[in-house]
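There are two complexes below, and they share chain A, which is joined by chain B in the first and by chain C in the second.
Right after this comes the complex of A and B.
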């Protein structure tokens, strides 16, 4: 299998750092791409281990009970914030340093600013972890970063917007859809972060602050992660498949639909609360509208894949991307139903929601980011191929299967809990019924973490350039490049 | 070399079908909700006037996007709507070739 699966582009002897803009500074800051990716992987491992620790509390196996510093609730904050701001934000930043210059033909606004953002962002993340462990969490889901970090983080987001909006704004003529998504994401992220972290903290209280909290949670997904994620897919899928997206017009329908329908979704997190019903219904309608918009995006990507289906088998990045897309459609389809009041009667506060959140954040965006790193890391590390293709297979399949197990496990657990609560079963009996599901969650999570360590090992071995047995076995004696890569051309496509 | 074929009939029909069947009803439903918000804002009903601040957040984003859409339309961003996807691939091809990477076209 290993000799048919391609994970990187062939780059004999030439690094991308050779490309220059205007003959002076590099078009792409390779170092920043590489180190944002590396830091993203490190935070992914830390955040996943924190999630594992937290899951032990549910099965009454938590090893640090009674130690305030290691309170399981604090580890949960590190899990969610570590994934969002440590893994996802870092890898997105690395991706932006690669994609924006290549799309626009212009480097980011300032080289120094890029490096400053890199170091400042890692500082913010470390300070966040320390602050959370010290018990300084802000009482806002997904915005638990201590209040003294919020203004610094917002400043960082503004600098990111300046650094990448500058080259995009210099482009003349019709923009490619990726640039639309990126521009919107830069503006939205700043607005959303400011809204969620400052309004409830300093200006509002009661139900209105709750509504802002709901908007913040969901807008962080829909107006920060989603536009960057889809923008990324609209770039990488065509260049790996070597053919344009099926319909650029349809992709713009998806973009403008997201722009107009998404911002009001968040209140659906607080159905059956004192928030006025006209707002709750508004959130339900806009959520269903977004599902219709998502359909346009999914149709576009699968029509693009038509005729190239074999790439799902041969290209690991394409496999990550399309698996993520299937999960994306699943979560949005699920969302359109679960925001209805009928569904909410059963699933609210249950593990159903936890399963949904894991599928969105890791099954979709995590998968896309992993696919992007699989595609780009050898290039930015100056390597012609990965240390091991087999390890990529293990990484993908263990991650995908354990993700599915966790999703179905928590979905079923949510239904069990919801129906038991509806029948007014005693709290103790619902805990007893939930425990087997929580064991499965911990076991599937452990498998997921193990798979990411496999990936990290592959990254390290690729970086240090140590040849593997697999490499030697597939080596083409007439070429400096191993047979599995060198004979099949870019991205594993057969030569014409 | 990547070329610019015109959009196929299937692509045009799909685009229009999605616009009419999906976006139009969704837009109408959404417009009704906006009308309700306006009614509350005008004081026709007292229900939840305290919620107008959160809703204003949405309107700020909405108005920004509306301005952007107007700017894009008047500046010809949607005139040759399929062109950017070919331009993007051409640029990638050029960059890859500058970088010494073979560019092998697949199914168009």
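Right after this comes the complex of A and C.
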């Protein structure tokens, strides 16, 4: 098997200028990377504020009670959908515009298409927010996007796949790990979105549609967010650490294990429903299998880190990445237990699940995306350094600590609720018992949002700072950031 | 194959997804295909109109006539559809489940364990199992509380249940404080949930007087 451990340094012809081989167009559309990131941050702040607003309802402190457009339930839609499609999808798109051309040595299929997707996606997001606020949601968790937007969004996803698959298809020979994940993600995302948004609405009903709904929410995490996230890790971690991934064999196990077992988990979201028990057992066992696969990936990455542990201290992106990986292992470990029928008796429908979801979506993928943005934003803005390194420290520590507090708080709250329900306590007493936990949730969430505003402030101040001379001359992101900007992970900048 | 474009595209991308779709999606679909999906009008034909809907018509005659016309199965169907849409649009289903599990004493609290047949109707498209139970399950809610209770509760839940965290819905009411078209629709929908069952336990002293004690625990629904 050929040595396919390709890092940035071995990618073809990229270090001299940001132009393609025949020089007719830029390799990387820097504007798109930058603006997808900026829109991602904006939607992150909006979605988090929506979540904060919704959490106030739980402590009876909702400030806009009785105003129709501030109906708390509608803002919960904006919280979950804003995070998934506004923050995560936007930042992923920016990241793809950087990584795919650099790994393939070829630009995305079409400049115009890239720009069209950017504007169309923001349009879809704004339309979704408006539709949800008008009460037009679709009754599908994470697919609340009004039904009239669904076909447009699906078309957008197909265009994204075409735009990035084109350069990947031009590469000959075996692909690097990142590309396995990305390619699979493009195929899966289109299929998952079509399946989840159309089948339960138009072709199936009842319990069977419930099975599809479970598959949809699960696959959206597992086949859209997870592969793009891991592909991103397989790209940025070796570059910043300046060494290859520890074991190529384990990379193979990780990818193919995820590809096979992850989609088989869908029904574990609806255990004890009228869905046939043998399918529920199957979903539970596949979930436990996923945990074993995840362990191999985590081992691979931590063995890669071995000998470079000080990078956790020196490089902010590496710190985000590896903290996210620890949380990833935590959630997957937790998942292997919580999907068993034993745990489900108590924790289903409780705040335990909410805590789990927050740790996955923000603690893992949010952290990875933040790390990626810390690494890339100065490069695509042509700045020599971040406005403030210490603000990065504040951002990281406040976010990480408040994330942990929220996770443990909601997990314990879930156990309290589950056992009280089982004891047939009056519903009101379960609410009173939950109130302190909901206070802690709101407070930790406030800290988390505050930290993201710190980050946004740092981005803005960096942006209005002076661009580097090199950048002004040739707009090559590689020459923008000198190797001296060590703390934010520029170690990987100069090809080894 | 393991590192090639075609391997990733066809095997991981299409085949593995297809296998999972067959096992996790198509299989339950084929198993339950035999249960026909009932339309709203078929359900009304089978189970009749809930008395609470008739009561709304009697209690607010002029308003009811303005919003729904005469009290018959057509207006009942219109109210159910409208209520169902509101239930989704306001995210009621994010905090209320419609799914009684055979564990955790749920059938004692609410009633018989949910049956597949209950979900094969037009108002479960997409199915409203729910994801979180901030408030109680609603799939055995019909007749559990009076229309008056719901009217007061939708207007300001904490007036009825002091520790409630349910939002207020004043836009379900007209300027005189009577339920408007949306208010009557959502109450009709909620009073319909579970009305197809013969009976289920009311045990917690639920109702306008608030908290009560467990009077009897009916275990008959536990299988």
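Everything that follows uses one rule, which is that the second predicted complex is superposed on the first by the 446 of 496 C-alpha atoms of A that agree within 3 Å, B and C clash if a C-alpha of one lies under 4 Å from a C-alpha of the other, contacts with A are read in each partner's own complex, and residues count from 1 in each chain.
The criterion applied here is as follows: a contact is a pair of C-beta atoms (placed from the backbone, for glycine too) under 8 Å apart; a residue touches a chain by one contact, two chains touch by 3 or more.
These numbers come from a predicted model, not from an experiment.
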item	value
Combined model on chain A: chain C and chain B, fit or clash	clash
Which superposed partner A:82 touches (first chain B, second chain C, both, neither)	neither
Contacts of A:445 with chain B and chain C, given as first, second, both or neither	neither
Partner chain(s) touched by A:241 [first = chain B, second = chain C, both, neither]	first
Which of chain B and chain C A:40 touches, first, second, both or neither	neither
Which superposed partner A:175 touches (first chain B, second chain C, both, neither)	both
Which of chain B and chain C A:292 touches, first, second, both or neither	first
Partner chain(s) touched by A:208 [first = chain B, second = chain C, both, neither]	both
Chain B versus chain C as contact partner of A:253, first or second or both or neither	first
Touched partner set for A:167, first chain B, second chain C, both or neither	neither
Set of chain A residues, in rising order, touched by both chain B and chain C	174-175, 184, 187-188, 191, 195, 199, 204, 206-208, 211-212, 215, 223, 252, 256, 259-260, 263-264, 267, 275-276, 279, 282
In the complex, chain B residues that touch chain A	2, 7, 11, 14-15, 18-19, 22-23, 26-27, 29-30, 33, 36-37, 40, 47-48, 50-51, 53-55, 57-58, 60-62, 64-65, 68-69, 76-89, 91-92, 95-96, 98-108
Contact set on chain A toward chain B in their complex	9-14, 16, 18-19, 102-103, 105, 173-178, 184, 187-188, 191, 195, 199, 204, 206-208, 211-212, 215, 223, 235, 238-239, 241-250, 252-253, 256-257, 259-261, 263-264, 267, 275-276, 278-279, 281-282, 285-286, 288-289, 292-293, 295-296, 299, 303, 307-308, 489-490, 493-496
Partner chain C, residues of chain A touching it in the complex	1, 4, 57-60, 62, 65-66, 68, 71-74, 76-77, 134-141, 168-169, 171, 174-175, 179-180, 183-184, 186-188, 191-192, 195, 199-201, 204-215, 223, 252, 255-256, 259-260, 263-267, 270, 272-276, 279, 282-283, 344-346, 348-351, 353-354, 417-418, 421-424, 426-428, 431-432, 435, 438
Chain A contact footprint on chain C (complex, rising order)	2-5, 8-9, 11-14, 16-17, 19-21, 23-25, 27-29, 31-33, 35, 37, 85-86, 88-95, 97, 99, 101-106, 108-109, 114-116, 119-122, 124-136, 158, 161-165, 167-171, 204, 210-212, 214, 217
